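Note that the chains take the letters A, B and C in the order they are written out, and that residue 1 is the start of every chain.
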Amino acid sequence: MKILDILNNIDRRIIYLILLTVVVLPLIFPSVEKVRVMPPVRKLYEAIDNIPPEKGLIIDFDYEPQTAPELDPMSFAILRHAFHRRIKLLVLSLYVQPLGLAQNALTQVVEEFNSAAQTSEDSIIYGRDYVFLGWVPPPIIPILGMAESITNVYRVDYYGNQTDTLPLMAQIENYNDIDLLVSISGADPPKWWVAYAQSRFGLRVGAGITAVSASEFYPYLQTGQFSGMLVGMKGAAEYEEMVERKLEVKARRKASEALLSLTYAHLVIIIFIVIGNIGYFIRRRDRRKQ
Amino acid sequence: MIPIIICATMGLAPPTNVRAYDKPDDGGGTVVIEWQLSPEDAAVERYEIYRSADGADFERVGFIGKGRNNIEDNTADGIPYRYKVAAVIDSVRSYSEPSANVFSRPQWIDRPKLNVFAALIIFGAIILYFTYAARRGKAMFIRKIAGVQAIDDAVGRATEMGKPILYCPGIGYIEDIATIASLNILGEVAKKCAQYDTKLINPNRDPIVYTVAREIIKESYANVGRPDSFDPDCAYYVTDSQFAYAAAIDGVMLRERPATNFLVGWFRAESLILAETGASTGAIQIAGTDQVSQLPFFVTACDYTLIGEELYAASAYISKEPLLLGSIKGEDWGKFFIGLVLIIASVIALLTALPVLGLFN
Amino acid sequence: MKKTFPLILVFVFGILGIIPFFVPHPFIQNSDEFLRNEFLRILAAFALVLGLGSLLRVHIDKIKRKRENWQYSWILIITFVISSVIGLFGGVRGTGILPTTIGTFQFDIWTIYWNVAVPLGSTMFALLAFFMASAAYRAFRVRSTEATLLLAAAFIVMIGVLPLGDRVSPHLPSFAQWIMDVPNVAGQRGILFGVALGVLATALKIILGIERSWLGGGGK
């Protein structure tokens, strides 16, 4: 009976402590977990991989520091893919808070490529290969305005350069020159791109979202409004897997490293649910006997 | 003036049949230009659109990729314009004949939305019919909602224990219907608190929601004849920050130890933080939201959860006002009709997919 | 009159809210824009003053009466005053009239946001993982057939989304994906239909004055 009480009434602080341990330990001693790539991730990878040379890709960074650990690895993996394939890249945010995160991701990934580059051709050069457009409020205005002219909406980029003086912007006028937009966000922006840019101007949209909000985005994937979707840490790890396997781009795989934490955390939760149910079953059986 | 290049010598055929018309069903300021693609469309780089107000000087107003045969142009209402479209390869432009004069103007009705208007009228009529049927005394059976039935017990329990009731209307703004529905329920809960003389705590995340909530509570106390018991500080504003608000509510739960927590309204990621902290204090928890992604958290951690539309119906159940109950019946019929339309449309879609039938192709 | 006047206001502004959806004319659209943007903003500004007033009043009252845990109220009032002074006079990024830089350290709103608000927000968000574990342990009981199905689905998705799932069975991740794609989407759509109709009905009830709970009920 005593064991039964213990099973049924484990102190929540013990649960928290065990969870904390299994989450933290794999992060201190990281190892990369292999993952199987699921169709939503494969679709997004292929959508980006098949962007024709004359067209560009927009990445919309729309997450805040709270969700950065989950969404940053997606941004890094997609940036690596885009730079490796030399896809014309525009980066922007619909809100002000994500700008610092976007700049951080760009700086790191560009540095990865440039440190290995031998010539100017191999290097990733600002203005030639990518442009960081920055932020223009309020959110819906740039989504609509870019259909007409991107340089009219973003007259200066994040660093204060006149956008119409940048070589890349001479090749990208508006959505006609963009093949795909990927919105990475913990909230509603991917839906806005579908509602305003896709439904009105036919822009293809992909999404990277947090696992907790995933269920409300699946309808968009199912209807084909999203050309692929990355969900949470697992989605990011799958994309990292694709980038490493297909493109042989070697870089730190933060999401794949975190998967072990995720695995243990899920297992701990499952074990606790099972323990709780064992206690519940025994108690119910005893009650029936009485 | 645009440079005129004699395209015949270059062999690039221009777009033809350029037609410009005022964009229908809009607020004015837009003209739609359509054309027939150049026969050499595959080789064309882009189409450029030129506009003239006087029929002589044409200026470039936009461009679009090959394979596309229409574009919208922003114009000043009431001024007649003519349009030309040029197919472009390198610096070679081949111009179409100009369109007829066209001018944009605003419209008063957005015709494609008339179906929505019709649905609104039909649905409104159904609701009104049942509302007035209820007024005439027609008895209506309404399914019981456990969460709503528990409200009386929850307030009673708090009274017996001499502990307060916490009412959290979520992090939505006053324009969110979930927040409005929550405030409707708050009115009924406040009445019960006034009747039993139970302390009510109502922290708010939005200043407008706070002012409305405060007035609702005050009115509820007045309505049950207890205006003197109303504590003006029972409703207060906390902060606009989502997680700071969640932390503040957690603080109230742990310090004040309310006997009952109402978590009813518009919630995001803080839902489980609130519900689980509340559960740890042993409070009875009644939650409700229309945010689908937060429902699993509430269902898991709370005693009762109002799911989706139950949230909107709750104030009618509590107040037992026949008019409100009638409107719920109307909602059900509306849902029945939508379900019927969906089934019919799905059957048609399935039949269309079957080549043998080809009935609706 | 005390109740009739608000009901008339709600009816008029409710109808004014519906009309712009069907009427694209600039006269209507601009009026709507004014009501939503300018008018609501002015209301919000006044409400914010009232809100902050209420917050301070509640805590000053707590300190005055030495109610339980009154010490915490001092923390609120002190941090409120400090951040207000920095915000009002120091500017968002040290651009205000007050010198907010000491050596290389800036104590402007930007610094407060990144060094106080963001870490605190992240901490609260991270608590979710722990609460999910304890909530699942406490509440996930196989009480009925439905609960059993729910638990089975939860296990399949939780394991299916992990690399482990693929090792258990190559079909498990696909099955987990199917659960998310099909039953999950179907359930969501069902709830959303109800929500959409409920929203419409609630709006109509309030505009037409059938729902009066927000007036404190009654309606006489």
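The rule is simple: a residue touches a chain if its C-beta (ideal position, glycine included) is under 8 Å from a C-beta of that chain, and two chains touch if they have at least 3 such contacts.
It should be emphasised that the depicted structure is a prediction, and the values quoted were computed from it without experimental measurement.
K.L.:
In this assembly, which chains make contact with chain B and also with chain C?
P.N.:
A
K.L.:
Of all chains present, which has the mean Cα position farthest from that of chain A?
P.N.:
So the chain farthest away from chain A turns out to be B.
K.L.:
Which two chains meet at the most C-beta pairs?
P.N.:
Looking at every pair of chains, the most contacts join B-C.
K.L.:
What whole-number Å value describes the gap between the mean CA coordinates of chain B and chain C?
P.N.:
Chain centroid spacing, chain B to chain C, equals 15 Å.
K.L.:
Distance between chain A and chain C based on Cα centroids, please, to the nearest Å.
P.N.:
Comparing mean C-alpha positions, chain C is 23 Å from chain A.
K.L.:
Would you kindly tell me how far, in whole Å, the mean C-alpha position of chain B lies from that of chain A?
P.N.:
26
K.L.:
Provide the list of chain B residues touching at least two other chains, using ranges where the numbers run on.
P.N.:
243, 269, 280, 292
K.L.:
Where in chain A do residues touch at least two different other chains?
P.N.:
12, 66, 212, 215-216
K.L.:
On chain C, where are the residues touching two or more other chains?
P.N.:
Counting only residues that touch two or more other chains, chain C contributes 121, 125, 128, 132, 134, 136, 138, 140, 188.
K.L.:
Touching chain C in the complex: which residues of chain A?
P.N.:
10, 12, 15-16, 19-20, 23, 33-36, 38-40, 64-67, 211-212, 214-216, 218-219, 221-222, 232, 234, 237, 259, 262-263, 265-270, 272-273, 275-277, 280-281
K.L.:
Going by the contact rule at the top, pick out the chain C residues touching chain A in the complex.
P.N.:
118, 121-122, 125, 128-130, 132-134, 136-138, 140-142, 151, 154-155, 158-159, 161-164, 166, 170, 173-174, 177, 180-181, 184-185, 188-189
K.L.:
Name, in rising order, each residue of chain B that touches chain C in their complex.
P.N.:
25-29, 106-110, 113-114, 116-117, 120, 123-124, 127-128, 131, 177, 180-181, 183-185, 187-188, 190-191, 204, 206-208, 210-212, 214-216, 218-223, 233, 235-238, 241-244, 246-247, 251, 255, 269-270, 272-273, 275-277, 279-280, 290, 292, 295, 297, 300-301, 307-309, 311-313, 315-316, 319, 323-324, 327-328, 330-331, 334-335, 338-339
K.L.:
Show which residues of chain C lie in contact with chain B when the two form their complex.
P.N.:
Where chain C meets chain B, its residues are 18, 21-27, 29, 43-44, 47-52, 54-55, 57-58, 61, 68-69, 72, 117, 120-121, 124-125, 127-128, 131-132, 134-136, 138-140, 188, 191-195, 197-206, 208, 210-211, 213-218.
K.L.:
Going by the contact rule at the top, pick out the chain B residues touching chain A in the complex.
P.N.:
Residues 46, 62-65, 68, 243, 269, 280, 292-293.
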